[in-house]
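Two complexes are shown next, each including chain A; its partner changes from chain B in the first to chain C in the second.
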Partner chain A sequence: MFYREAGDFKTSYTADNQTFPIAFDRYRYYFVLIVALLIVPFLINDYWANAILLPFLIYAIAAIGLNILTGYCGQVSLGTGGFMAVGAYTSYKLMTAFPWMDMVTITLLSGFMTAMVGVMFGLPSLRIKGFYLAVATLAAQFFLIWLFNRVPWFYNYSASGQINAPERTMFGFAVTGPNAEAWVKYLFCLFFVFILAWVARNLTRGSIGRQWMAIRDMDIAAEIIGVNPMKAKLTAFAVSSFYVGISGALLFTVYLGAVEVGEAYGILKSFLVLFMIIIGGLGSIFGAFIGAAFMVVLPVVLRNILTDGLGWDTALATHFEFVIVGALIMFFLIKEPHGLARLWSLAKEKLRLWPFPH
Partner chain B sequence: MKKLATMAIAGAMAASPALADLVFPDLSYRTGPYAAGGIPFSDGYQDYMTLLNQRDGGIGGVMTRVVECETAYNTERGVECYESTKGEGALVYQPLSTGITYQLIPRATADGIPLHTMGYGRTSAANGDVFSHVFNYPANYWDAASVIINQLLEENDGSLEGQTITLLYHNSAYGREPIRTLETLAEMHGFELSQLAVDHPGQEQGNQWLTIRRERPDYVVMWGWGVMNQVAIQEAANIRFPMENFIGNWWAGAEHDVEPAGDAAIGYRALNMNVLGDLPVFDDIQEHVIDAGMAAGDGTNLGSVLYTRGMYAAFLAAEAARTAQEVHGVAEITPAMMRDGMEALVIDNALMEARGMPGIGPEFAVSCEDHGGTGMARMQQWDGTTWVTLTDFIAPDDSVTQPLVMEDSAQFAAENNISSQCSES
Partner chain C sequence: MPDQLIFAMEVTVNGLLNGVMYALVALGFVLIFKASGIFNYAQGVMALFAAMTLVGIQDGRVPFGHLINEIFGTDIHYFGWEVPAILAILLTVVVMIAFAWFVQRFIFRYLVGQEPIILFMATIGLAYFLEGVSDLMWGSEIRNLDVGLPQGINDAIDRATFDIFGYGFFIDNLDIAAAIIAAILVAGLIAYSQYTKNGRAMRAVADDHQAALSVGISLNYVWILVWSLAGIVALVAGIMWGAKSGVQFSLSLIALKALPVLMLGGFTSIPGAIVGGLIIGVGEALFEFSIGPLIGGATENWFAYVLALVFLVFRPQGLFGEKIIERV
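== the complex of A and B ==
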């Protein structure tokens, strides 16, 4: 009724090509932006920032990054954790070596550094595919973690091998370190999420995104119609690693503040991000968001309900949290193998015809 | 939104001076690869707090309340636990994880809540001049390393010249802590130190023990935790390494670490920072807590190594709260007062006797400069059924650890622009 194209006239090609062609979608998008930008910062407290919103935003960036590589270009990667570590350690080295540098520059440089490393580890993808490529990226994961554990230069020779983010300010407000206000950290991450999601959405709609998808759907066919597989695969690795690196950098500088590489960026992190995009929906930016929310926010909410709401024993609640999240994952994947994003688009299809489906 | 509003109200209430009770958050881990150590420690911590409520009506007339939060030894969950419990008026945090401690040091200092990392965490926090809100009495890792070497020196007539010692450590901030001290000591006493790292969670140790088998070091010192300890002891038994030359630190010396290896574990030695055995306070816990059905666990851990240590941690926290009440003259203390209480804490034999745990730990006094206690520890040995205490409290070599503490804390102070805390007041 209200969700339809009819009556919404486009008078230029630009208008016709926009991301949200349906007016209702557009208003919903502006509404979410306004809430996130203008309302949430005034309500946010330490708990909401540090337990829910910051991890959600940061993992959403990582999920978008991996989705570009796996969901759009069809290259399976298990090296996400290692690439996040590259971002984090680049940030750390830059922050300690150049104390005057501002955080936006540091974070972007960390992304570029990770992109270079990602391209390097993406080279094998020109020769190997599928499960074999997954194993090659697994090697990247283990090698990078080993490297950051092994070479003391990366952690500035500290006794414990941990890296700690010193305090850095932007416009007079602390962004990193213990004195950073919740809303500053939130806005800082939101800024990156907004820009990066916007860029990703438009990249995947453009020619480069179409090349990625051609490679994903059938690489030989893509090559025949003139897609350069080397360029397509390596750009996918570069862009994906750039996103993953920024996410790793933010996880360290803004969210955790102190990091031990084996624990924070271990193989489990690679799996976590991979699960996010599988559950959210491969090849969908919205899927990356909803997947991150499912894997990060749902456990926290469940824990709060079980321990605070129902008064369960904490150990029991933790065990049940695994059971419930696991069962939900199976349920959603059986009901909709293409992920939660597909459910969402099906709902939109139905809504277009509602209330007269025939 | 409703949730946010209630949390805002909770936050406002926590900020106001009228507190209902003394809140001791317990960041425990009863799940995951480290649960075997986390469960008894948490049981001991909670049971002692319950005992204070049941038997004495709280501390200084104010009831205690333990808020438990499961971290699974994971730093991200540790941060979430910290944020979710600090609004309840938390007096002191004891995360029982070096990784989480590193996360919490800057946060807790900024929030003005003290941290007590008993025998773990950042060693250089012993320098209270820099780390105002972090306490690691009665002992820390560098003390432990020094105590082990001192004991070995005594056994070898004062010289370790030409001996080889292998450090088998958990590849994390926890396991890496003693390396610097051991390197300094190796230079001083002329022994050769080799290092073998074991990655989280510690089940894969085949390579490391192959190396040990090949190199045949005189001693193996272990910095392990969780499942790593059990695997290491089993592996040592498999290569027939002489058990009495295999020495764990105080987190690698509990019953559940040695029991899986059976008789092969006999002779394994470990440090302990508290005594074991039949303390009178256990009878009170049995009567007032476990028999009353209020135990945190199933009650079977009572008296085990880590249960006793958890209870000891609770005892130190309770005494610090009591000291804070005396110093400030109010019963309902705030985290800031708790910090003052911890800094003024004096533990002597009479006090330990009075609380039903005679000689459970060394006597020590905390001051503004010294947050680290004496650093003394005992050596214990597994005889197949129980841990036997071999020695009295052994003192560490402060001339080695103190300069390292000063150096590391000075670096931290410089990085974070911290000025001297003690000279101001």
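== the complex of A and C ==
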């Protein structure tokens, strides 16, 4: 009825190539933007921000980053947690060393630092493939966590070994630290999510994105048709780590505030982000969003049902959560390897014909 | 002889014995990988599950007791009997075989022909699933595992080395037992795969799925078989590690210790797993002994990975792995 292409004429290549070629999609996108920018900040409270919205936004960035590497370029990485830690510690060092620096610069610099570290650990990908590489990225995970745990310079010789985000303001509003209000933190994260998702979407449908996908589909064939594998793989590692680093920095500065590295950025975090992109959909920016939303909301919902609704023990509910997450991963890999994003696009295909499918 | 050298020798011997333990875990990976191309991340959790089941059966714990109590408001924990170690081990083997059947029937049967990396991610999901099931079934507290293995310092070696070097080596009896059991296990596996009909079928499937199918070998049967074998290897590894440091969550992380071993030794080679385990065990121990104190210690978390990584850059298929040939 509403979801129609008929009558929506494109008169220029720009119009034909736009991200949302169907008018309804475009309006929906603007609608979501308006709700997120103009309505949510007025309704948000601490519970919603801390339980759902902030982790969703921050993990969405990490998921987009990992999706660029794994979903688009086909290089599986289990080092996401370690790279997030690089972002977090870079932003910590910058915040404490240069108190005058504003948070946007700090976060971007953290991203660049992580990108450099990512390229370094991505170098073996030129020789090693498949799960040999996946295991190799575990080296990054363990080494980085160990480094941040053992070298006191990184945590400014604090006695607890923890890092704490000092208060920093943007336009007079506290963004980090205990006094930051929920709506400020939300808008700050949303700003990064919006820009980064927009950049990622356009990168992946441009020349570099097509190179990544060629490498993913078959690297030798891609090399033969003229894709430079070194350039493609290393840019994928750089861009992906940039995103993951920013996400790690935001997780520390805005969301958690205080971080113990092994706990916040351990191997489980790497798996969490990997699960997000599997469930959401490999090779889809939108999939990264729904995957992140799903993995953030699922524990909250389960906890509400099992602990509050049925009155179960929290430990038991946690174990149950493991079973459900594991089962869901396997279910998705078997039934829908392209994840929730694929279901969404199937629904859209159906909607185009509805109500006259024949 | 200088003291440092003697200490280094002790560290080396202990490293070797530790390496045997790593190899034990790596063995389970190799079995499954050879036969089905599945890189089974859940191997470590399988060891945890097997050890938990063993302890649970031995103590006569009610499976899912906690869950049942929570749902029905009952208060049952124990059946009230204790099962002897041998019987408990046999029962656990039955459970692991049932698990192998379950995995094949409900998961990997539907993933035949998928890309290896998809299979790998499925096993990560399986690891989560099994970990949750294990906790629901037997609880998540630390358990003591006692199947009558010798423990404590080996006096004979202590005395012998004291006579030679004037310094007694500290070697744990348990490590020696683990080394002997591992040797028996490997010999048994090799004999099984060389001299029995099932073993031949296994090797045929490992060699070429299609050819094996065409001569009438049931892939499904062989895969259940290798998963069962991997389950039994996991049980042995679980007993060893469990007796060493208690049966607890961290047991599932031994999979992470075995991964660099595999990379070093090659994913497809049983001798590779053993040699890789020994190299990693010794390298890790010596590195921690010599360089560790200079840079803050606890290097064993990552040293193995970095060693394997550096090694792979020069030889991408590992020490004994089959040469990777790629065609378009």
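By definition in this document, the second predicted complex is superposed on the first by the 327 of 358 C-alpha atoms of A that agree within 3 Å, B and C clash if a C-alpha of one lies under 4 Å from a C-alpha of the other, contacts with A are read in each partner's own complex, and residues count from 1 in each chain.
Definition applied: a residue touches a chain if its C-beta (ideal position, glycine included) is under 8 Å from a C-beta of that chain, and two chains touch if they have at least 3 such contacts.
Remember, it's a predicted structure, so these values are computed and weren't measured experimentally.
Visitor: Answer with first, second, both or neither: which of chain B and chain C does A:G177 touch in the superposed model?
Guide: First partner only, chain B.
Visitor: Considering only the touch criterion stated at the top, classify A:A315 as touching first (chain B), second (chain C), both, or neither.
Guide: both
Visitor: Going by the contact rule set out at the top, does A:Y47 touch chain B (first), chain C (second), both, or neither?
Guide: Only chain B; A:Y47 stays clear of chain C.
Visitor: Between chain B and chain C, whom does A:E260 touch in the aligned arrangement: first, second, both, or neither?
Guide: In the superposition, A:E260 touches chain B alone.
Visitor: Touching A:V323 in the superposition: chain B (first), chain C (second), both, neither?
Guide: In the superposition, A:V323 touches chain C alone.
Visitor: Tell me which touches more residues of chain A here: chain C or chain B.
Guide: C
Visitor: When the two structures are overlaid on chain A, which partner does A:S160 contact: first (chain B), second (chain C), both, or neither?
Guide: The first partner, chain B, only.
Visitor: Could you tell me if A:I128 is touching chain B, chain C, both of them or neither one (first, second, both, neither)?
Guide: Only chain C is touched by A:I128; chain B is not.
Visitor: Looking at A:V300, would you say it contacts chain B, chain C, both, or neither? Reply first, second, both or neither.
Guide: first
Visitor: Could you say whether A:F143 touches chain B, chain C, both of them, or neither, answering first, second, both or neither?
Guide: In the superposed model, A:F143 contacts chain C only, not chain B.
Visitor: By the touch definition above, which chain A residues appear in both interfaces, chain B in one complex and chain C in the other?
Guide: Touching chain B and chain C on chain A: residues 149, 315, 319.
Visitor: Taking the touch rule as given, give the residues of chain A at its contact with chain B in the complex, in rising order.
Guide: 43, 45-48, 50-51, 55, 149, 159-162, 164, 166-167, 177-179, 255-260, 262-264, 266, 300, 303-304, 307, 314-315, 317-319
Visitor: So in the complex, which bits of chain A are touching chain C?
Guide: 74, 76, 124, 127-132, 134-136, 138-139, 142-143, 145-146, 149-151, 218, 220-221, 224, 267, 271, 274-275, 278, 312-313, 315-316, 319-330, 333-334, 337
Visitor: For chain C, which residues count as touching chain A in their complex?
Guide: My answer: residues 39, 66-67, 70, 107, 110-111, 114, 116-118, 120-122, 124-133, 135-136, 140, 256, 259-260, 262-263, 267, 295-299, 301-302, 305-306, 308-309, 312-313, 316, 324, 326-328.
Visitor: Per the contact definition, I'd like the list of chain B residues that touch chain A in the complex.
Guide: 4, 7-8, 11, 28, 30-31, 35, 39, 68-70, 72, 74-76, 79-80, 83-84, 86-87, 98-99, 102-103, 105-107, 109-111, 122-124, 171-173, 176-177, 179-180, 197, 199-200, 408, 415-416
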